[in-house]
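Chains: A, B, C and D, in written order; residue numbering restarts at 1 for each.
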């Protein structure tokens, strides 16, 4: 018998206690590719709940307070390498700041923050501290989303003309937040916890990021309106926008959490001068490539070739991968970057599609522009992307 | 041996000579349910071509001039009952006027006319003359489109909140009109023949009409822009719009003739408080019904029950019907109405979903509003629907 | 005004009175491409019903007896050129014989006859009389079915290895024939009217023919069993078979009329050494081409190139054609062949995919082999195809 | 800071060294739900390779020999609780025997063994030792497969009449085993390593098990043939069979590894007197429920209710789960059973859908019957299921 040498990164978590959805997802995702070991957490602001949640999740060190956790962990020899932040939005910035200040890498859920100023400050801090700041735009972890980006980048679609992106759900079609039984619905519709953007921030930013990620383009202007369908709701539950791109392309984006029958229908279509493509998050093992005047090709995960997709795939074609694998991909890339940063090496090329704090800032600029345009009855607003 | 008594209506046609697409479609559609016999035509402004086209189509009486045809046919005992107008758009109004003046029923392709004033005059004239004026918004002839309308009308979706309609094609993604070999592309991109709206008029109006037909609602305001992607093209080849409805619903519409890979992708999705539905013209034998929080049901032509769908279906479920049958449905309804009008009877209830000159006027109002909003950089414009 | 010269062929019909499904289908199909005019009929053995049915269908000359009709029509200067036989199966042979003897071309529904001997006699007679004998295997009229055949014929799939064909319906899942209200169910489950094969003859032969048509191969042996699920039913309602082909290919075929939820699910998949293909009759505007190790291509009607598909298509891609158009294609090809036969010309090359009496004989051989194998507990039986 | 108490089970692995596919899958699956920690392995019979593979996989204790491993681990206080056996088939029985003898629970890949005698001996031994013997029929871990079983079990389909199951792949369409570069192809086509059944054992048994699992029925007789398409191959690469069930139901099964274009196309359709259902492994987040005469319902993972599906699902509807999650489910159920066995408790009800050594024995009986029938030219053979 001989000894193995594999070293897992030590991960902490803030938020994600019992009843949360995204905390459990982060835990599975971090574990799936065996790059991280979850060893510490401040899973709830309620100490009892924090401890119970940690025990249930098999986390060795449970803290009642994330500030204490940041300080304690940085002081330990075996302290965490990185922290996963899965709190309601309003805490993203303060928590991330605390851990960055402590020199700890950050993996943070989106949206990045509740204001652009907060987000820009985080970006600045992450750069100063030279720490990883990964933002978990899950859908950019899908191998075929990355392959789609490659196709466009390599010119297979020609010049992009039309972008259509949408994200439809129905889980907020009724005022379920008033019942007090759905923790998700509670904080996501409360502006003091979620920030000024409801559906817009929760899923609109995913749609925006997906389109930007795949096309490699960001719109320079938009005309938009947010809307609240459910009576008494304090935040938007629907957003629609028209987009203009620097190269003359046109686009539309809509996101809705009142679209009856929709589960998690994030869909992107891009049309270029030579071909189009279509991706549906609910069928992530296929990507449609549609040449001008020709027959649609159904590209499948595992059968598309190239290093980009291969880096993000685990099992052969026909063995479906899903949401958790896409999420795991972000953690895998994060691990590669953390190891490089800690060793003073350049970030590995294959990890560079990981979404970062800058994507988060772009998302906040999008939110600002949408809210401003909506307030101005749909007037076109510039989006300044540096 | 005994004698049958069936009487087919006599149909004439203006336009639709060799090389035209829609003329042949009208001829099949008129024939399919055996209600019409095509007996006269002025298929081309070129007399030779008119004659050759008529011979090829088996039309007994060929005219070189449609004015002459209107006069000659109305003078005959066995003159045509109705005329099908399948010319380029700019001729719709003058031709329709001539035949209405001659007391002949009209079946006209869309868009109704090249200006709202023209369209309104036609509507007035048709009413004065008490003649049928059917406008061939083909897609409203599909049984499942009519069933979708029923579902909404009966409240199965609840209050409508979101409308998403789109119509994508790719056949004009390149400047094929400059080659001079594609007759369709030639006139449809020439504002002097097609009117001021290109893609907007050609397919945008179909999308608009489909949404209005199914939801039973028309937006009262829109923000839009038209765009021309192909260099040198004299007319729009892309349109996108945001819609507001009197009941607070929101919507989006886009149509593009440069969407690489798209064939004839007219799709409608409607979301209400109780359920949603989705229809894709390229798969017209199915309609998706998606209850809030529930499982999608794939309703199929032939299996959905009710008089509305039954009236528009010919063969059992699983035996696909298509575009020609939908088109034939308009002719079937037109026949029912012509027979009623000629007999002084009320229009049969089952025929009342036939699209008419009023739908054409609504389409022209939509065109006007889109062009005005687009010219005003997307400012919201009212659509006045009486 | 000038006169057109188009000459429609005169068609008669035997069977297809009120309540029948397939008679109406033949009438639409014959009319759709404007090659035939239906002028005479013996639509029912009940004279009253025959007359009423003919009047409803707009048929000029109604006969109470098909023998009388054959004699009377052949005696007229303007007698019918061809007869469509849409009776219950047991009458196919006697009716066809009468009309062939009268020198009249025949378009006959499948299965060809109720015994192989009958079928072979018909084939012989048709040849002797040099009359057209078209058998309406509808599904071979689909443009993409013909294109599939072309692809295989041109070697695009390589050597064929595996054939999977199936035809599932559910309309006979319950003993509806006992109610006496469904005319279709009545005769199709009565061996004295339908012949010895129920589901096997009704839809099994379609599946068999489709596979043979597309692959260009017929099995030389099969192992099969027929089964009756519905208690009291006097005929099979399910059939399953394994197939062996001369080149070593293997195959399976099943057909069922008790497959709950299935509408008209005729599906063919063929796998060769280089690629596979898949066709689903319920989605006839698409054909899947699946290269070995590669991405599936969705070929669409109108976009696939080549004379074969073009000859069988009417409208552009994205404008769905369906069952009636496929059926019309058989009539169109029949018209081309009748004109050639009457003129003593060679049959036009583009018409040669029309299914004929020989396909009917092949179908009867298949029925015989299935019944023999089933009776011998699935023993492999040779199918002799000359 | 407080201490967590979670205890992961200690897992060992035999087989699954570098270049293997299924070893990595087992490792992810075991890890995903955080029930197991992989601490020991004999990943290859080549000691160097074993050590390198273990290091790469982060396995603490690497053994050169699985016999040594069984003895050493059972002797340790912190020895493994269970072993995952992912070797070529011929080793399943000897390895499993060694670990069972050592009192260690077994998770084994399928097929269970290379002969029925071996398999039955294993079943006996597992029972004697009162150890878990889980067989990884992955596809029974899908929540919607389990839900399908529930639907049938609860009578939603009525009496089952027709079963159609198939499993198509194309990766062995060419003689890739001769190149020596594909380790998978090498052993899977070598009867001395894979046993007498090729495609039949590799994927045919999955198809058989899936049908049995969902329907709750096993056929009592079959008529089958195996076939080898690729010249020079020493084992079958295609199998087809007809099935008879005790209740009179009929079925067909085919599996092929030469089906060009197919990836991992395992599909099951079941038709009962009241409804049918369809499942496609490549789209595991949906299950089609098709009532007799009605509209198909698309049931989705996360939206179907009931404890059975809930126990096997991790994320909300619309967030696709896939193959790895299905596989993880087996490990999760195995953990539940191991904990119960070790504590002397009854197996938890929710874990009882875990596939076991008995399913493996059933698979070997199926293999035997297929091979016997095939050798007897398709004669029907009884399958004795106790």
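Just so we're on the same page, a contact is a pair of C-beta atoms (placed from the backbone, for glycine too) under 8 Å apart; a residue touches a chain by one contact, two chains touch by 3 or more.
This structure is a prediction, so every number in the text was calculated from the model and none was measured.
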Option reproducing the contacts of A-B, where over half of them reappear, out of C-D, A-C or B-C: C-D
In terms of CA centroid distance, which chain is the most far removed from subunit C? A
By how many degrees does subunit B turn when fitted onto subunit C using C-alpha atoms, rounded in steps of 5? 180
Between subunit A and subunit D, centroid-to-centroid distance (C-alpha), Å: 34
As a quick test, compute the distance in whole Å between the mean CA positions of subunit B and subunit D. 55
Could you grab the centroid distance between subunit C and subunit D? Build each centroid from C-alpha atoms only and quote it in angstrom. 43
Subunit B touches at least 2 other chains through residues 171, 262, 289, 293-294, 296, 300, 303
Quick one: in the complex, what on subunit A touches subunit D? 1-6, 8, 21, 24-25, 27-28, 31-34, 40, 51, 54-63, 72, 169, 171, 262-265, 281-285, 300, 302-303, 314-325
Would you pull the subunit C residues touching subunit D in the complex into a rising list? 157-158, 161-162, 164, 166, 168, 170-171, 173-174, 223, 225, 227, 229, 238, 240, 242, 248, 250, 252, 254, 256, 258-262, 271-276, 288-294, 296, 377-380
Using the touch definition from the top, list the residues of subunit A that touch subunit C in their complex. 289, 293-300, 303-304
